[in-house]
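Both complexes below contain chain A, partnered by chain B and then by chain C.
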Partner chain A sequence: MIGRVLAARAALGLGVVLAWEVAARARDPLLYIPPSRVLPALARLLLLRSFPLLPEHVWLTLREILVAYALAVGVGLAVGAVLGLRPTLGRVYAPLLGALYAVPSVVWYPSLMLLFGLGAASKIAFGFLLGVYPVVLAVLAGVRQVSRELVTVARAFGAGPGRVFRTVMLPSMLSTLTGGLRAGLALTVVGVIVGEVLGSTAGLGYLITYAYGLLRTADYVALVLVTLAIVLAIDAAAGLAERRARRRWA
Partner chain B sequence: MTIRALQAASVGAALLLWEGAARARLVDPLFVPAPTAVAAALGQVLGEALPALGRTVATAFVAYALSVGLGVGLGLVIGARRFLGDVLSPFLLAAYGLPKILVLPWIVLILGTGATPAVVYGTLHGLFPVLLLVIGGVRDVDRSLITTARAFGARPWQLYSRVILPAIVPAVLAAMRLGIVFALLGVLVVEMFAGVRGMGFELSAFANAFQAPELFALTLLVSAVAIAIGLVLDGLGERLNRWR
Partner chain C sequence: MAGPHIVVDGVSKRFETSADAVPALSEVSLAVGRREFCTVIGPSGCGKSTLLAMIGGLVLPDAGQVRIDGQPVEGPDPRRVAMVFQDPALLPWRTALDNVAFGLELRGMSRPERRRIAGDLLGPLGLREFAERYPRELSGGMRQRVAIARALAIDSEIVLMDEPFGALDEQTRLLMGEWLLSIWTRARKTVVFVTHSLQEALLLSTRVVALTARPGRVKSVLEVPLPYPRDLESPGLASLRATLWGEIREESLKTMGR
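Here is the complex of A and B:
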């Protein structure tokens, strides 16, 4: 059964690539790039012929993601813990955060560009803004899962707040929390890339709009594929970390 | 004190602090204008902004209708066939999670800078969350309900209308609630990226011109409208839930 599913997936993927090749060859070569032309462009890109500074742009994007995610996790855990452990505060402020969640996040980006400029800071701010929500929501949901009795017992045996959090709360909210941390990372990555595409002077998103602006469409497709590979690699690493954390603490 | 009063008091206090900081020049009013300045700017640009807002919301609703229609339709088909769902799930999850902005330049290249790329990109954003939620909803329908209905001789369309549809109402509602935010997001992104006329374009134009009061005013306007649309959908959702 699993073999059949995998075979069907491979056939579908291959079919799409073939259909793309056939369809693209029949159309405007500037707008439709068949896979047979993407591969040479990809090779030129990876050999640093088309964009010699590619590694620097990739490195900048990765650093933006890293800083934005560190901020999102730190602030998200702190805000989530405060709102979750102080039920009165939670009842007042969690709905306000929920209302903001209904706003399409990209409306904040022009303001961030105005405040932080075209450089890395506005991308970090936007990635942070997107990534922090899932973390806060996961902590809030996780705290609700922790059984009151366990906390009371631990307290009665003389455990301090830090100890209670580490030994009692963390294990029981672990799967919710790691899920939120992973969703937060995915959104941080999206935020940084969206920010770079919408307005920037460096980074992968900048290269993509640059190639598009010059109508170097084959290079553009190659850059998109590289970006997708990086995003998938980050998500795979996060998935690995998630499984490890579960095995260690659960 | 009730929660509402505390919320209102906190927002009021934050606005007062902000006003005070701006008046005392603790922040640069060029970048962080006082709330009163933002309110004044809102009055000035509102006449110009309302048509743009209308255009954005209308485009987003077209994208939204397409997302929900396609998402629920395809979701019912894919969700009911386990093998099809298993085969497609990694592709659908990837389409949902990967940054769609990467294909936006190509969409604009092919479709130009009118309302069409905005509708297409908005739909691209709205479709996958709806589709995934509906597939999940159909899959989670209690098997014994379906077996029972079949045993009592229900025809396929009866099975859909009497058993599966009522059972997936919560999933569809969640999808509809999420879909509008994504559709609106997609439309705004296209307007910002390609200069398509609408609120996204207005926002980035004010940002590029360093007109902070106008920018903040319009940002708040779009946010308020998005929250209002969400609340209306919540109200509709309650009704649909009662029909069930």
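Here is the complex of A and C:
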């Protein structure tokens, strides 16, 4: 059964690749980039022939993601906790957050570049901006899931605020929280890479715009594939961390 | 120690809500002796749970004071007081065993030790095979027994129970009452027990405290000087029952008339 599903998927994938190859050759191989041109480009990229500084760029992007995400999580948890645990503050400010978020975030990016320049800081700021909101929302939703009765039980059995948080609040919020943390991570990655694409002097996004600008289309697709692999790896790591957290705290 | 174990000394409590202030208790005083089984009974909403929460240090009185062994209660003190709540309030992500061990864990006891103590408690409760089950996999009666075991596990001198059998059917309730009595006679703890049920109050307690309709005041205190196990049909209990019903009926009518 699973074998047949996999075979069906592989057949579909192969079909698409073949159709793409045929169509691209028939039209313009430069613009439509047939798979037969992508593979050699990918090999050149991975062997550091086309972009010898690829590791540095990747490393920079990863660092930007890491810093942006750490900020998003820290600020998101704090803001969420304050708004969630102080009902009046929450009623006043939570809708404001929602309104801010309704604006397509890309419109903030030019002002971030003006504020933080073309370097890493503006990418970190943009990744943070995109990543922080799901974290805040998850904490707000999570706090609402915590049962007052269970908090009372923990207090009655001698738990101070820290233990109440650890033994009752965290497990109650866990699935909502991990959902928000993963959504935040995905959006942080998007923010950082989009930031690099829109305007930067280094990083994966920068290489992508560079290759694209010079019409090195096969290199461009190879870079996109590398980006995809990195994003998938980050998501897989997040999934692993999530499962661990569940086993540890719930 | 000589004096009473628990003293509730003229406590009052109002709850401020956005609309108005609900007076829940008004100058309630009562003393519970060591190893007594004291039942509090009264119409719904008269402040029984509030009174229990106050003895447990979870709610502080607006006026008056609660003292245990002569010392004022200023917050929860699980070394002296264990609580069983109106609904079992088990942690859904923990097994029965780990729920029972919860209080011991908060005390900092090592995992093997607290699990051993909790396991020893589950056996006599008929829950041995259910130790590794989660609360959602247990029946209502089992959950309530786990909640009681959680309170007994910390081995405090006082156990406060807020309608622990309220959600159970009549037969299970009677059986659970018998079971609780056997524990109480063996462990000799001071118990304050809240119930709606006259029968339960008369079968279990050494003393019944009836509260008035809201705001709760002490309406009457009835000693039940009968040996255990008790028979509801016995003349002694029947006459006490008539007395108690007379007290409660009036207050219940007030509540319903509102």
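Quick note on the criterion: the second predicted complex is superposed on the first by the 242 of 250 C-alpha atoms of A that agree within 3 Å, B and C clash if a C-alpha of one lies under 4 Å from a C-alpha of the other, contacts with A are read in each partner's own complex, and residues count from 1 in each chain.
Please note the rule applied: a contact is a pair of C-beta atoms (placed from the backbone, for glycine too) under 8 Å apart; a residue touches a chain by one contact, two chains touch by 3 or more.
A quick note: this is a predicted structure, and the numbers were derived from the prediction, not measured.
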Which superposed partner A:Met113 touches (first chain B, second chain C, both, neither): first
First (chain B), second (chain C), both or neither touched by A:Arg91: first
Touched partner set for A:Thr167, first chain B, second chain C, both or neither: second
Chain B versus chain C as contact partner of A:Val153, first or second or both or neither: second
Dominant toucher of chain A (residue count), chain B or chain C: B
First (chain B), second (chain C), both or neither touched by A:Arg248: neither
Residue numbers on chain C that touch chain A, as the complex places them: 53, 56, 58, 76-79, 81-83, 85, 87, 89, 91, 93, 102-103, 105-107, 150, 154
Complex contacts: residues of chain B adjacent to chain A: 3, 6-7, 10-11, 31-32, 83, 86-88, 90-91, 97-99, 101-106, 109-110, 181-182, 184-185, 188-189, 192-193, 199-200, 203-204, 206-207, 210, 212, 215-216, 219, 222-223, 226-227, 230
In the complex, chain A residues that touch chain C: 147, 149-150, 152-159, 163, 167-168, 171, 250
Chain B-touching residues of chain A, taken from the complex the two chains share: 4-5, 8-9, 12-13, 31, 91-93, 95-96, 99-100, 102-111, 113-115, 186, 189-190, 193-194, 197-199, 205, 208-209, 212, 217, 220-221, 224, 227-228, 231-232, 235
